[in-house]
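Two complexes come next, and they have one chain in common, chain A, joined by chain B in the first and chain C in the second.
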Partner chain A sequence: MKGRPILGTLAVLGYIIMIVPILFVVSTAFTAGDALTFPPQGVSLRWFGEALAYQPFVGALLSSLQLAVVSTALALLLGVPVTLAIQRGKIPGKSLVEGLFLSPLVVPELVVGLALYQQIMIGLHQTSFVALLVGHTVLLLPYAVRVTGASLALADPAVEEAARGLGATPLRTFFSVTLPLLRPGIFSAGLLSFVTSFNNVPLSLLLQSRQFRTLPVTMLDYVQQSYDPMIAAMSTLILAGTVVIAIVAEKTLGFAKIFGGINK
Partner chain B sequence: MSRKPALLLIPGLVFILFGFAIPSAIMLLAPPSTDTADVFARFGAMLTDPYDLAIIWRTVRIGVIVTVACVVLGFPIAYLLARSTSRFAGMWLALAIFPLLLSNVVRTFGWLVILGSQGAFGQLLVVLGITDQPPQLLYTELAIVLGLIQLFLPLAVISCYSAVAQVDAGLDHAARGLGATKSQTLWKIVIPLSRPGILIAGTLVFAGATTAYTTPYLLGGSSQRMLSTQLFSYASVSVDWAAASATALMMTLLVFMVSGLSSLISRKAGVTS
Partner chain C sequence: MTTAAEFTGVTQAYGDTVAVDNLNLQIEQGKLTTLLGPSGCGKTTTLRMLAGYITPSAGTITINGADATRLPPEKRNLGMVFQSYALFPHLTVADNVGFGLKLRKVPATKRRELVMANLDLVGLAHLADRKPKALSGGQQQRVALARAIAISPSLLLLDEPLSNLDARLRVQMRSEIRRIQGETGLTVVLVTHDQEEALEMSDTMVVMRAGKVMQTGAPATVFTAPANRFVADFLGYENFLTQSDGSLLTVRPEHLRVAAAGVVPTTPGLTVAAVVRESVYRGVDHIVTMTATDATGTPITLVSTTRRDTLTADAGFQPGDLVTAQARDHEIVRLTSEN
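Presenting the complex of A and B:
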C-alpha cells in the first residue's frame, strides 16, 4: 500500500463497509440491556441463552439445515453426471446445455420462487418443503455443474483413456480414476451449495408455510415485530458457524480455489 | 461412459426444465387466472404510471450507483492484494471473500444497528455536536445503497482479483522501467488488460443489486420500494398475478439487457485488441 495513497484509501474504505457492520452486530449481541443500541449496556451472555431457548429459531434452524443438506445432495446427484456429460461426452449443443444449467444464476430468484409457488404449491398442491427442495436444488445446480466442471476441465482425459486401455471397465474407471479427479470440485460445490441454500431468502420467503420456515425468513419476520438483542445473538451464532465452515474451507482446499470456479 | 452422455444428462435436464425453465416462463408470460395480454397491458402501464416509473428508476439508479461503487472500491483491493508480496495478503483476501459465505440477513442487520434511530452513527453525530437529533438514516435510499455495497463488494473483489492476477506483473515492471509513472502503469496497462474481469464484476453486481430482496426490505421499508420489494408485495399482499408477472418481467429484462450489453462490449473489445 506504500506510495499508493488513493488506492489504499479506497481499499480501506471498502474493508470498512464490508466488515464494520458485522462487528456492530456481534458487539450488540453481548449487551446486558434490553435494547438493540450502541454502545451496548454492560456485557452478558443472556441473549444467547434466550435465542437458543426461543423455539421458533431452533425449529427454523433445524428446517434450514435439513433443506440445505437434502438440496445440496440432490443438486450434486443431478449436477455431477451433467458435468461428466458436458466435459467428457460428445453431445450436440454443448454450450447451450451448459448455458441452461447456469441460467438460474441469471434469472432473479424472486421470479423462480413465484413461479414455483404458483405452479407447485397452488397448481400441484404440493407442500412447501417439496417446492423449496425443487427451488433450492435449481439454484444450486449451477454450482454443481460449473464448480465440479472446473476441476474436471483441468484433468487430462488421457488418464481415463489410459485406465480403459489397460482393461478397466467403465464403472471401475469412473470410481477409481474420474471420481478422485472430481473430488475437490464436488467438495467445493457441496460447500458453496450448502451455504447458499442455508442463507437463501427470496425462495424461502415465497415458498414458506406455517409448517416449514427457514431460519433467515424467521429472523426477518422477528425483526419486524420486536427489535431486541436476541436477533443480534442469533446472528452472531450464525456468524460463528460460518467462520467454522470458512476455516474448514481454507484448511482443506483454500478459499481462492473454492471460489475460483464460480467466475470462469 | 462417453458413449452414453445422454443417460447422464437426462435426469438433470428434466429437473431443470420442469423445475425451472418452464415454470419461470409460464409465470412471466401466462400466470394462473390471467391472460398473457393482461401481463403485457400491465407491463405497458408500468412504463407510463408515475408510481411504477419511480420504482423502476430507483431500482436502476441504485443498481448503477452500487455497481460503480463496488468496482471503484473492489478493484483497488484486488489490485493491491494481487500485487502484494506481504505474507498477510492471503489473509486479507480471505477476509474480503468471507462475507460471501455469511447470511445476507446477518450482514444487513449490522446497518440497522448503525443507522437505526438508536443507532451508532446518529448517536455519534449528536455527541460530536453536529446535530441535535439523530438524523433519519434508516429507510432511505442511502441505507439501501450502503447495504448493497456491503453485500456485493466481495463479489467485485473476487472477479477483479482473478483478472488482475492474470495480468503478468512483469508488464508493470517493464512499464515502470520504461519511465511510466505508477498511475500511468495502472491506467494504461493493468486496467485495460483486466477489463474483462472488471466487466464481469460490474455485471454480477448490477444483476445482484437490482434483484436483491433482503436489503431493500430491511433498510428501505415501504417508502423506498424497489422492483423486488414491489414484486413481493404484489405476490403476497395484493395477490395480483398480472402485476406480479409484469414486475418480474421488468426485473428479468433489466438483468438480461445489462448482461447482454456487457457480453457485447467484451466481444467487441476482443475483436479490436
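Presenting the complex of A and C:
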C-alpha cells in the first residue's frame, strides 16, 4: 500500500463498505431489547436462544444443510469426470463443451427455476426437494468443473504418463495419481458449492413447498412479517458457520490456493 | 548386434503435419543411442511412440522382437525419465521409486531393499523419506532416474533429461548417466537437441530433421564425416563451399586459417581469396568473419576461429583487409549430398 495512496484508500473504503453492515447486524443480534435498532439496548444472548428454539428456522436449517450436502456431492460426482474429459480427453470442440458446463452461471436462475417447476414438479409430479436438488446441482456444476479444472490444468500431465509407464492401468492411474493430485481442487470446489447452495435464494424461493423450504427463504419470509432481533441472531449464526468453514479452508489449503484458480 | 527395439516404416502424422516420416531405426541392445536434432525434428515423437504414449499412424515398432506397435505403455515395461521429471508430488521419494515395484506386487521387504539399492545407485538413499518438493532439480532428476530403473526396464528412455539443469550440473549428469548405464547394462535411448551432449554420451547417434533420419553412426564417425549439409551445420561446421563440379566441401571454423593475401600455404589444401568483414576477440579464441565467392560465383561467408595462444603476431586483421582463407586437405570434409 506504501506509495499508492489512491489504491490504498479504495481498498480501505471497500473493506468498510463490506464490513460495516455486517457489524450492524451482528451487534443488534446481541441486544437485550425487543426492537431491531442500532445501537442495541444492553447485551444478551436471548435472541440466539429464541432463534434456535424457533421451529421453522431449525427445520429450514436442516433442509438447507441436507440440500447443500447432497447437491454438492452430485455436482462433484458429475463435475469431476467432466473436468477430466475436458482437460485430458481427446474430445472435439473442447471449449464448446466447457462453455456448456459453465452456462448455468449466465442463465438467469429464475428461468432455470421455472423450467424445473414446470417439468419436474408439475410434469413429473416430483417433490420440491427433487426439483431443488436438480436445480442446485446444475447451479453448482460450473464451480465443480471450473475449480477442479483449474487444479488439473496446473498438474503436469507427464505425471499420469509416468504412472502408466511404470505399469499402472488407466483406472489405477486415476485412483493412485490423478485423484490425489485433484484432492485440493475437489475440496475447494466442494466448499464453494456448499456455500453457494446454502446461500441460494432465487431457485429455492421458486421451488419451495410447504414440506421443504430452505433457511434463506424462511428468513426472507419471516422478515416480511415481523421485524425483531431474532433475524439478526440467525444471520449471525450463519455468519459464524461460514467463518468456521473459511478458517478450516484456510488451515487446510490456504485461500489463495482455493480462489486463485477460479479466474484463471 | 542384438536389437532391443526396431522401427519399421513408422509414420506419425497429426492432421497435415508429419512429425515422423517413414522411420526405420534399430536400437542396439546394451548401448546408448541418442536421437539428436532441432526442435520439431520428430525425436520426442519417436521416443513417445516407443514408450507407447503415441500410436503411429503407420508402420510397426517391435520391442525385443515382439510387435509392440499398439501395446499400451503399462504393458511395455520401459523406464521413462521425463523432461519435467514427473515425480508423484504426493508420494515420498521411496514411494516414487517403489511405485512400479508395488504394481508388480513385489513384497514390501524386498521392495524396500530394491528401492534403497536404486536410490543408492543415484546417490540419494539419505533422502528416501522426503517429498519431491523438498528436493533440488538435480535431485528430482536422479529420483526420476531411480524410479525408471527400479522396474528393471527392457529399455530406459530419457526425454531431454538434462535440459532443465544448470550448465555445471548438466555436464556432471552426463557422465553420471553413462556410469549408471555401464553398471546396469541397460539399453538407453536419449533424446536431446544438444550436439555436445550427444557426442559425449552416445554409442550411436541418430541425427534427425523434419521427421527423417539424416545420419546414424558412432559420434566420431558422424562428427568427422557428416553425411550432408544439415548434419554438418548442426555439428558446427560453418564454411560451405560448392565446387565447380557441383560437389560440396565443408571446413570447421577452427580448421580455417587466415593469412595475408598472397601467402602460399606450405601444405596442400584449399585456398580461397576473401575480404575480412569482422574480427572479434572472444577470450578463448578470436573469430574472423570473411566474405568470399565460391567456385560457382556465389557469395559466401567464411568463419575462422583461432585459439588465442596459437595466434601469431600478424593475425590482427582489420575489416576490409584482403586475405586468403586456407585449410589443409585432411581438414576438408566432402559432403555427399546438399540435404
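One rule holds for everything that comes next: the second predicted complex is superposed on the first by the 256 of 264 C-alpha atoms of A that agree within 3 Å, B and C clash if a C-alpha of one lies under 4 Å from a C-alpha of the other, contacts with A are read in each partner's own complex, and residues count from 1 in each chain.
We take it that a contact is a pair of C-beta atoms (placed from the backbone, for glycine too) under 8 Å apart; a residue touches a chain by one contact, two chains touch by 3 or more.
Computed from a predicted structure; not experimentally measured.
Room for both chain B and chain C is found when the two structures are superposed via chain A, with no clash between them.
By the touch criterion stated above, A:Arg88 is placed in contact with chain B alone, chain C being left untouched. By the touch criterion defined above, A:Leu182 reaches neither chain B nor chain C. Taking Cα centres throughout, chain A sits at the apex of an angle toward chain B and chain C that amounts to 90 degrees, reported as a multiple of 10. Of the two partner chains, chain C is the only one touched by A:Ala162; chain B is not. Chain A is touched at more residues by one of its partners, and among chain B and chain C that partner is B. Of the two partner chains, neither chain B nor chain C is touched by A:Ala51. Of the two partner chains placed by superposition, A:Leu140 touches none, neither chain B nor chain C.
Within the superposed three-chain model, A:Val111 lies in touch with chain B and out of touch with chain C [touch as defined at top]. Using the contact criterion defined above for the overlaid structures, shared-chain residue A:Leu152 touches neither chain B nor chain C, since it reaches no partner. Taking every C-alpha atom of chain B against every C-alpha atom of chain C, the smallest gap after superposition is 11 Å.
Chain A makes touch with chain B in their complex at residues 1, 3-4, 6-8, 10-11, 13-15, 17-25, 28, 35-39, 78-79, 81-82, 84-86, 88-91, 97, 100-101, 103-104, 106-112, 114-120, 122-123, 134-135, 137-138, 141, 145, 170, 173-174, 178, 195, 198-199, 201-202, 205-206, 216, 219-220, 223, 227, 231-232, 235, 238-239, 242-243, 245-246, 249-250, 255-256, 259-260, 262-263. For chain B in complex with chain A, the touching residues are 1-2, 4-6, 8-9, 11-13, 15-16, 19-21, 23-24, 26-28, 31-32, 72-74, 76-77, 79-80, 93-114, 116, 118-120, 123, 146, 149-150, 153-154, 157-159, 162, 182, 186, 197, 200, 207, 211, 213-214, 217-218, 228, 231-232, 235-236, 241, 244, 248, 251-252, 255-256, 259. In the complex of the two chains, the chain C residues touching chain A come out as 51-53, 72-74, 76-80, 82-84, 86-90, 99-100, 103-104, 144, 147-148, 151. Chain A meets chain C in the complex at residues 156, 158-159, 161-169, 172, 177, 180-181.
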